[in-house]
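Each structure below appears as structure tokens.
In the two complexes below, subunit A is the common chain; its partner is subunit B in one and subunit C in the other.
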Partner chain A sequence: MPEYKPRVGIYGFTGCAGDQLLIIHTEDRLLDFFNAVEMRSFVMASSNPLETEIDIAFVEGSISTEEERQHIKEIRDRAGVLVAIGNCAVSGGPQAMFAKDGSFARRLKQVYGDIKFITNPVEGAPLDEVVSVDYYLPGCPISQSQAMALIARLIHGADPEEFPHPVCHECKLNENLCLLLDQKFCLGPLTLGGCHSACPNNGLPCVGCWGPNPDGNFEEQLGLLESFGIPHEDIIRRVRNFGGYKILAHIEKLSGKR
Partner chain B sequence: MRILKMKPDFLKEFLMGLEGFGALYGPKRQSGILKYAPIESYDELVLDGENTLLPLKRLFHPMRFDMFRFDSRGFEADYSIFEKRVIIGVHPCEIHGILKLDEVFLVHPPDPYYAGLRKNSAIIGFSCLPAENALCRSTGTDIVAEGFDLFFVDLTDFYLVWVGSSFGYDMILEKEDFFDENVTHEDIQIYIEWREKRNRMFKKSFNFRDMPDIIELSYKSEIWDYFGKKCLSCGQCTMVCPTCNCYNVTDVLDLATETSGRRERMWDSCMFADYSLVAGGHNFRHARADRLKLWYTHKLKAFAHKYGSPACVGCGRCVETCPVDINVLTVSEALTSCEVPEE
Partner chain C sequence: MAKRDTIEIKPLARVEGNGGIRVEIEDNRIINVEVQILEGPRLFETLVIGKTPEEILSLVPRICAICNLSHKYASLRGLEKALDVRIPEVTDLYRHLMHHGEIIESHSLHLYMLALPDFFGYTNAVEMAVDYGEIVTKALQMKALGNKIMRAIGGRMIHGENPVLGGFGKLPDRECLLSIQTEAKDGLAFALETIEILADLEIPDHMERDTQFLCCKPPHNEYGYYGDVLITSDGKEHPAEDYQSVIEERVVSHSFAKRSSYGGRPFTVGALARVNLLGERLKGEARKAYDGLIHDRWLRNPLYNNFAQAIEQVYSLEGVIETIDRLTTLKEPETAEPNRESGVGTGAVEAPRGTLIHHYMIENGRAVAADYVTPTAMFLDDVEEFIRESGERLISTKTTVDLELQFEMIARAYDPCISCSAHLVTVEYK
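Right, the complex of A and B next:
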């Protein structure tokens, strides 16, 4: 009897497609991956997808149109396990930086004017605003090592391991001086790690592109940044750049206290 | 223990000549950061009192490495990290830090990775003058009696060189002419004056000796909530602490087969939310205050119960590193002044 291979689909919604591209760029392991699964749908790699029942769906991008809302529901219905990959799918991405602030209709009109859309735009949202998500793989883009570790676990029927640590973890292992000590506008402690602290390695503060670290001490970090003379509004704008829907709970909790 | 004298003129030739005993490592500045790293030329070595960003443990307890590969037949340990090394410029607090890690990693059964790195490394200690945040006088780790192969005390006109092992003595024999066995009364007087001068240079101190009792009394103190509210849970304090030794292991499966893969080991921190997470989603120390209390209780009290003395070696790195000023100084001061009745 031939060995059963999990049926896999890789999908992209609104985003830069960088996460799918990263999977394709994992050249030394791509053949192992494609051999270990039955790849049903991966439009970036092959234009002949087979849209059937699948065991695992990897989904990149945020949901930004009515058509995408229907499509992700349809994928969810036929996928055993659904994994959100990349910040747009996990948190909403930069397109969700004004999420739920009530300005969507105005902004849409300002940018596009009075045109007829092929499909109705909706405010960019992470996947879990529309469907249930089983696993999250944050990143902007996702890291090759984390992606391959997660994929290997899932295709062999094991639970993936999370890495719920701030950027500071890897930043310190890379022997960087803490930028907060220099009163720099760094979001490292508030941001999920896994990026190998790419920006601080080059002296640049973390801008939070991997999305919020759920354990981040938002209130204290805001107070610290404000004590550097950074205006409150600038901090909120910065955390919302990549924080999407997932930073809103932190902000709401804070405004409840103020 | 033998103690010899050496003229400063010989230092460069002697240290660089140690290459025959192993690859030279020492504090070296890279992109403005002082790190323990391979030394290619004498000029790279920084032998003053400045702390490296990460302590010496990084050379014995690697931050991230593969322990072994496994498949359906078993596993094969990966000891490719072993290398003969001579580590130069190690300060007393660092040596005390490694002696503490020995207590943890070399007891039965020893950690083979730590033990192998330790066995293959010689330590050439160097005296230092107290840096701004040095607390080693408070913790009693400003002098060393063991844990080195050679230890150089810089007395400006000459070095006093403590020979701490037979391996250290082999190094001396390589360049026997550089060393003078005749330590005079006058030399001893110069050494004592240097010690006194150094002791007067410490700017900061804390109540190290009383901390075990005070921490025990402060178990329910609201001081922990105060620090818990401030803590960013960035984990930097544990990374820079010479005696923090927690790590996590993760099995990274191969894509091709479900029975093979590698086991990766990486420094962990009790400041992270998932550190005390157990099966069923229970977390014993979800609150930041509880995480901090665990760290300080372990560092300043509980370690002593198990190994004889507390685990702080007074390097001052937590004082220099924490962005919100939670460190052995602020915590011990707060616990001492607020929890113990005022005089």
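Right, the complex of A and C next:
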């Protein structure tokens, strides 16, 4: 009996394509990945996609046009498991930094004028604003080791393991000096880890690009940064740069308390 | 009754981002060609308003993963001019090394993984590997070398934060630089072999027509990927800060990328433009490769962009070797500080797929205006014109070739980067 290979589709919506590129950048393991599955659709790497029922869909990017809203629903309908890969798919990405503040229509008009496009643009939103998502693989871009671990688990029918640790966790393991001790604007405590603390390793503060860690103590961190003399509105502006929809819950909780 | 037909290629595969091609034919005439950019707008120029240079520098690489360091570099050049940051020469050398890394990564990805499968008749590089295993394996090593350089200087393979205003967070040690240099020397043999493989390919001529070229002119007599002057194939030179009067922009409904023209006509940017305009400046093995391949048809045929990328791959490998020779004799630079908090600056670099411009107006340490002009948005008009020419010619000869494939190959040759292009916008806050 021939071995059953899971049918896989890799899709890119609005973003930088960095998460799909990272999969392509796995170099030799890319060939193993293609051989371990039945690759039905990976338009960035291959022509002739087969858009049929699939077992696993990996989806990068935010939903930013009406056509993309329809397309993600259509993928959801025929995918057994749907994984959001990368910050744009998980949180909405930088394009969602003004999420729900009502400025999108004005900014769109500023940029393109009054033209009507073949598909209506909408403000960038994470996948789970439109469809249900089974697993999240955060990152900006995703990490190769986390991606390969998740892919290996899924193609063997196992549940992927979550990595619920902040950047600080890996930063400590890398024995870096804490930048907060120098009163630097570092978002490590609030930010999902998995990047191996890439920026603090180079003496640079975490900018929060993987989006918020759900367990982060936002209120405490805010107080600490304010004690450095950083204005409240600057902190909120900066956490929103990459926080998208997922940071909004933290901010709302805070305003309820204050 | 007029006979109407429409060719829809959607999605356009093996390019970065979400796009398509639509060609309408009536009575054996092409009546409309649209290269559609369907990826949603992200309005990056509105996202950086009110932000500090540090925030801008971490946001802009996210415009595009493949050329993330070109965006970082263009942004650094623009912001450093605006804020009068005077970087030492050795900092520039590290940046050139980083840029060579990105060119190697991007060109090898495009040339071997995205373009070559068409010429050899496969749908992707993994299928091609069954018959051309050695090429694909060596191509992956080449791409890995590009990534290694980007990681070493950028701080991460994609979206590294290591290049900062005036300098770097941390620089690679001597051992790392030397290992990169060794790999570049090894890679050079395959890059030269690639030149020979390409020399044997037959390149179709059904799309050939005259066009124009534009690229940055390096501030010295050598080849290079940056400059404060734009040169065009009519022999004119333009200060980079005048880009808005050189590159005329307009909005079309089938594309979230704005469209561009020069002197009212489409133009090409990228490796082909650079090699056509600056090729005589090449030296060493890159010069030999150039002398062996260059031909009049390069001025009329976008498929030669693949060849031009192969020449630049040689140039950049030699550039890596030479730059590391110099860096290992020099002391690490100090980070330069801004001399002012307000100012205006235009940064121009050559991204792998063409000229990239970042323009900023900074007031009291915050951006009040920003403008990005990306290569894909510059050349889309030219892609449409070449597809139109090809379609007219092929239909009139009642050819049996696969029209869709020919159109796709034209678009793909430009190495379009759709993520980048969907942000060509201007925002001025008064």
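Everything below uses one rule, namely that the second predicted complex is superposed on the first by the 258 of 258 C-alpha atoms of A that agree within 3 Å, B and C clash if a C-alpha of one lies under 4 Å from a C-alpha of the other, contacts with A are read in each partner's own complex, and residues count from 1 in each chain.
By our rule, contacts are C-beta pairs under 8 Å (C-beta built on N, C-alpha and C of every residue); 3 or more make two chains touch, one makes a residue touch a chain.
Treat the numbers as computed from the prediction; the structure is a model and nothing was measured.
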With the two complexes overlaid on their shared chain, look at subunit A and say whether subunit B and subunit C clash or fit. fit
May I ask you to decide whether A:H169 touches subunit B, subunit C, both, or neither, giving the answer as first, second, both or neither? first
Once the two structures are placed together by chain A, how many degrees is the angle at subunit A between subunit B and subunit C, based on Cα centres and rounded to a multiple of 10? 110
Scan A:P49 for contacts with subunit B and subunit C and give back first, second, both or neither. second
Considering only the touch criterion stated at the top, classify A:S64 as touching first (subunit B), second (subunit C), both, or neither. second
Just to be sure I read the superposition right, which of the two partners does A:C16 touch: subunit B = first, subunit C = second, or both, or neither? second
Looking at the overlay, does A:D28 come into contact with subunit B only (first), subunit C only (second), both, or neither? second
Once superposed, subunit B sits from subunit C at a minimum Cα distance (Å) of 9
Can you list the residues of subunit A that touch subunit B in one structure and subunit C in the other? 35
Per the touch rule, the subunit A residues reaching subunit B in their complex are 29, 32-33, 35-36, 145, 148-149, 151-153, 155-158, 161-162, 164-166, 168-169, 172-173, 175-178, 180-181, 188-189, 214-217, 220-221, 224
Looking at the complex, which residues from subunit C come into contact with subunit A? 11, 13-18, 36, 38-47, 50-51, 55, 58-59, 61-66, 68, 109, 113-114, 117, 123-127, 129, 137, 140-141, 143-144, 147, 155-162, 164, 168-170, 251-254, 256, 258, 408, 419, 422, 425-427
For the subunit A and subunit C complex, residues of the former touching the latter: 12-19, 21-22, 24-25, 27-28, 30-31, 34-35, 42-49, 62-65, 67-68, 93-95, 97-98, 104, 107-108, 110-113, 115-119, 121-122, 124, 140-141, 195, 198-199, 201-204, 207, 209, 237-238, 241
With touch defined as at the start, can you tell me which subunit B residues reach subunit A in the complex? 30, 32-33, 35, 53-54, 63-64, 229-236, 239-240, 250, 252-256, 258, 261, 266-267, 269, 272-274, 288, 321, 323-324
